[in-house]
Amino acid sequence: MADKPRVAIFDFTGCEGCELNQLNFEDQLLDILAHVDIVEWREAMDGQVDEYDIAFVEGSLSTPDCINRINEIRRKTKVLVALGACAVQGGVNGMKNTRPIDEVRQEVYGDDKYLFPTLPALALSSVVKVDYNVRGCPMTQIEFLKVFTSLVMGKEPIEPDHSVCVDCKLKENECVYEKGMICLGPVTRAGCDAHCPSFGQYCTGCRGLVSHPNLKGMEEILVEHGLSVDEAWKRLELYNANELEGVRP
Amino acid sequence: MSTATGTNLNIKVKHLTRVEGHGNIVVNMKEGVLEKAQLEIVEAPRYFEAMLKGRSFHEAAIITSRICGICSLGHQITSLKATEQALGLEISEQTVQLRKLLIHGATMQSNLLHAYFLAAPDFLKVGSVFPLVETHPEVVVRALRMKRLANDIGDVVSGRAVHPITPVPGGFTRIPTAGELKELKRRLAEDMYPDLLATVETLKSLAGAIPQFERETEYISLRSDDDYAMYDGDICSTDTGRVPDSEYLKMSNEFVVPHSTSKHAKVNRSSFMVGALARWNNNHDRLGELAHTAADALGLKPGCCNPYMNTIAQVVEAAHCAIDSIAIIDKLLADGLKDEQPNQEPTKFGTGIGSTEVPRGILYHEYSYDRQGRVTAANCIIPTGQNLANIDDDMKKLVPEIIDKSKEEITLHLEMLVRAYDPCISCSVHMLDVDFIE
Amino acid sequence: MNLSELKTPAELEDLYHPVMAEIKEVKRLSAMETYYRVELPGGEDLGHMPGQFVELSIFGVGEAPFSISSSPTLKGSFELGVRRAGMLTDVLLRQQPGTKIGIRGPFGNGIDVEKFKGKDVLIIAGGIGLVPMRSMINYVIDNRDQFGKLIICYGSKSDQDLLFTDELAQWEKDPAIDYHVTVDQGSDSWQGNTGVITTLIPGLDLDLANTVCCICGPPVMYRFALLSLKSKGFADENIYMSLERRMKCGVGKCGHCQINHSYVCQDGPVYHYPDIKSMQEAL
Amino acid sequence: MVQFYLEGDRISEFVAHLMKQKPVYAPHRKGQKSFSFEKTENAEDVVLDYVRTMHSIKKYFLPPREELLHFDLTKNESDPVEIPMSEAVFLGVHSYDLAAVGRLDYNFTVGSPEKNYLTRRQNAIFIGVSFEPDKFHFSGSVGIRPEDSTGCDIFLTKLFDGYVLEILTDKGQELMEGLNLPAHDAGKPATGHFHQHIFVPQAKLSEVMEHSYDNPVWEETAGKCVGCGTCNLVCPTCYCFNVEENVDITATKGSRERHWDGCMLREFSEVAGGEVFRETLAARQRHRIFRKFKYISDQTGQPWCVGCGRCTTYCTAGISIVSIVNRLIGDYERAAVAPV
């Protein structure tokens, strides 16, 4: 990578929490800025450019215009990093994909639904090649910093493929199952340092599934802990509707 | 090109920068007649209300928090209030105080982010905050320090400032420790206080850059008897006074317009305004000394109807939030922190409404639940949506008043106007008032 | 275990702290593989046996095991052959002579050359498997009088992927070496054998009772090479093989390289075939 | 040997007495239903009457995360990390956890002795405490009784009110200097019994395992197991680790860090090129159990499971190591008596 990589930041359909999280690196922001040239970032600055080394892209693709824009970004960038659950897996937006799109539009906009074209919410990788992922909802800050330093050093970031339980156990958190709650940590990809269980809340699966999840086993665990089968899969689908498409019995 | 005698004007700002979400400004004047002056919302709709359908009450706030990263805390708290009312979940005084503290943190962070990072570049005529790192390093470092502290309130009390973790129906999954709260208090007193004074000084020197423009407007915000209403209160209009929040639909009439994926709203006039300026106009009598000192220094007066002053009202509010946060922490510590578990045993399954002041104005959530505790109907009315009609009305009055200026200057004035509202466009595209009970 | 019998911990060496060695020479071997000659501080000898490996690290990037490709008879420096496989090897590829890298080792159980002495030596190397086997080949060449015939079977994906081509040419010319090479898919100019490495084995002229074989290559190769050797009547106890697993320590602690009860970094990487043939996870 | 009586309401005094001399690590309450070993700040916070902690005291000798070296990327140099000598008292240790420390001592001294572990481990002082087995403990089956004081410097046996305190070593004696406790003349009470048992001794287990490589239990367990790795991470005798590099945001400084890893994780047995040598959960489950009862045990004669019951307690899928082992024993014995 050239000395000061040119970085651009884009957003698609999402809540922009990931971008906000980048502005929330108060302690590191100045160091980050010292290592890169930020050349395009609509949420924080004016202006557009024609090419860049690294594009960080937030949000899922959900309109025809999105598809054109992401193709254009891919053409202009050397490295494309998906930021956050919406970009990596489709995120919560994917939940609407589990129901017929017309029904959903009808519910929200009634007879005016034809004013606003919409597609199923897609992960970036289902349209273009994504080089690296920063997972999480919002994107995990520690992971962003890891990916960022790797790119600055010119090495491949490692994407963890073990469960959140591992990190949770490394911190010796009380398992939320002990408190009578449920948790998706056992099949969710680590990298957040078990953030939610560390604060007593269950893991909602925002970082996506590990690469070879035993979903039947996970369903059994959830049912064992009081959920109905339908509810168990709904919980799993919160962030992973796209990954689970066709898997759910 | 518009000149002093200009009669034709065409402005299209595509994907307005330094606002949250995607919007275009479109102005058309033909032979002196203003044909169009509007903010088009082109953010892709996300259909949250439909996503909520059939979901467990445990998940409602997790999902609605994702409507918007900037306002995630506001959505979460509002959602929890609606769920708790619908399910008859009592919450403790400690929970209320912790939520108020969180709202202060989120309001400070959002208001300061807007003032320093999104609005200030306009006052200094630069394209973003990044050049300021070179030219005004101490201001940037101060802004980062203030934002960090505001965010730390969220990190400590709710686990994370963006998409908070610990607030759940009935309480919190983790209570902060006394030591953590004491440290926050120390930093609020030792760092935030002087930084706020310095912020007022900095803004005072830039006040000349704030356009003079006035338009008489209906202002709507929450109002309560005992404090500067943020967490709770009646809905209060400068035109018609107070009504309980059960009448929120009347106070936020929504309708679909073709130029916006977000719905618009009106009550007594063609439009109304919510947000910091509305809160100031309704509740300035509830503010303490520091906030009033800041308001005086920055020329913010009760009954102000210059929308550009919204940014100033935000800074005044930040001062209030900092001081009140200290008071809340003192109260929590004096009462002794209790390791309470959230109360999640529903006593009924019905409909509930939550209304909260979030940085951009009043936010309403309403849910109905079935006997399994699953959402059967949901409605969220978002402040930016409530402001959109007002922005269009402002533009219609503003453009003829400044038509003598160059096109660039007109454009800048319009962009600054929209930014002054601190619009949150991702939020605004998720409204609905449709029941989907099967 | 009684701890008090041990040296006091202060006297123990820090197992995880590398010495800084200098890359002296870098050569491109093929599209994917690169050769490095590395010198320890003061030109000290590594003191390894054929088949052993070192843990190589670049600070901030990582550490991984690499077989030592040079024979112990090479003095003053040692050689490596590295295939680009991921993060560390990718960064290694960009290093120039003069760069310092971290080295720990030598580690592992190398080839027990005593068992090969006085016998014919059959080397079967697939792809990158030539890198460790080259250490043995050169050891035999440099100690000609101690060994019988040297038979080399080398297979590669294509002729472009052949490693150490200069040396291959010498081995081919050397009347004392029975050298065979094959490629899975040859280019137009390739005139040698094509086909997988196992096609070379049936034609070998072997003194079965007096030949010892050492195999190294990609995991799939082992099963087929063994079958061919068997059908040729080769006895299990004359077969040795080098295995590969991920390793995080190289000193028998991290558990990654464990195959059933055996640690590859301790008992291997070179195994006597009868010891592992019943271990299902080995091959 | 002299026994003393540590009265219930003098426990805090006893803890405070220890704290005056050395740092004390002891069980504390954690969360709603859990316990964990923590550095004691207030003598009153120590809970001697606990069921089990999630992590054993292993975490002090082999920390969950540990820096192996620091490096400076601008100079391409590294420094070894200072490892503090452990002059500490581990109070309230159950017999199985101390037995587990013995197992780790073996792993970290066999072959190349490891400075990091041994430095931390060397000067530890142990005060054991008896325990009441719950539904998951089964250490009795692997020869470790609740009242076992092996390896302890002082041992506490639970009475109705308070503890019988026995001083077992000179180090223990030194620690007690200055605290006067009354002698205890009566005998020690019997400890409770286990609710779970493995039905054959280790010597026979090795033989059982020998014949269980292809038992269907692995596949059956794999159906429920979600491969989360919890069982490895809570086990007091698991010692596998992974190593990763951390680099600061300015890419100038960093450290090489190791953290606990586990053979139940798919990544664990992956090699360059992406091949995984224990691809199926069944193979990984077998490897885990064999590591506890066969692989190392064949060399040392001891099971590498100390019967703490943690893996079963914390497994969200409810997989029980005792059930698996007894199933293997049952299948083996049935096969042995069945006519050929």
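Order of writing sets the chain letters: A, B, C and D. Residues in each chain are counted from 1.
Just so we're on the same page, contacts are C-beta pairs under 8 Å (C-beta built on N, C-alpha and C of every residue); 3 or more make two chains touch, one makes a residue touch a chain.
Because the structure is a prediction, the values reported are computed rather than measured.
Legend note: the chain whose CA centroid lies nearest the centroid of all displayed protein CA atoms is A. Summarising the inter-chain contacts, the pair of chains with the most C-beta pairs in contact is A-B.
Taking the mean Cα position of each chain as its centre, B sits at the greatest distance from subunit D. With centres defined as mean CA coordinates, subunit D is found 52 Å away from subunit B. Mean C-alpha position of subunit B lies 65 Å from that of subunit C. The centroid of the Cα atoms in subunit A and the matching centroid in subunit C are 42 Å apart. Taking the mean of the C-alpha atoms as each chain's centre, subunit A and subunit D sit 37 Å apart.
Annotation for subunit A: residues touching 2 or more other chains are 153, 158, 200.
Shared contact sites, meaning residues of subunit C that touch two or more other chains, fall at 60-61, 86.
Counting partner chains per residue, subunit D shows two or more touched chains at residues 32, 244, 247, 251. Shown here, the protein chains touch in an arrangement that is not a line, ring, star or fully connected set. Looking at which chains touch one another, you get A-B, A-C, A-D, C-D.
Considering their complex, residues 12-21, 23-24, 26-27, 29-30, 33, 38, 41-47, 62-63, 66, 91-93, 95-96, 99, 103-105, 107-110, 112, 115-116, 118, 121, 137-138, 195-196, 198-201, 204, 231, 234-235, 238 of subunit A touch subunit B. Within the complex formed with subunit D, the subunit A residues making contact are 28, 31-32, 34-35, 145, 148-150, 152-153, 158, 160-163, 165-166, 169-175, 177-179, 183, 185-187, 200, 210-214, 216-218, 220-221, 224.
Touching subunit C in their complex are the following residues of subunit D: 68-69, 71-73, 76-78, 80, 83, 102, 105-116, 118-119, 121-122, 213, 239-245, 247, 251, 254, 256, 258, 261, 263, 268-273, 275, 277-278, 283, 287, 290-291, 294-296, 298-299. Contacts from subunit B toward subunit A in the complex involve residues 15, 17-21, 43-47, 49-51, 53-56, 59, 62-63, 66-70, 72, 113, 117-118, 121, 127-130, 133, 140-141, 144-145, 147-148, 151, 158-163, 165-166, 168, 172-174, 256, 258, 261, 426, 430, 432, 434, 436.
Those residues of subunit A whose C-beta lies close enough to touch subunit C in the complex are 153-156, 158.
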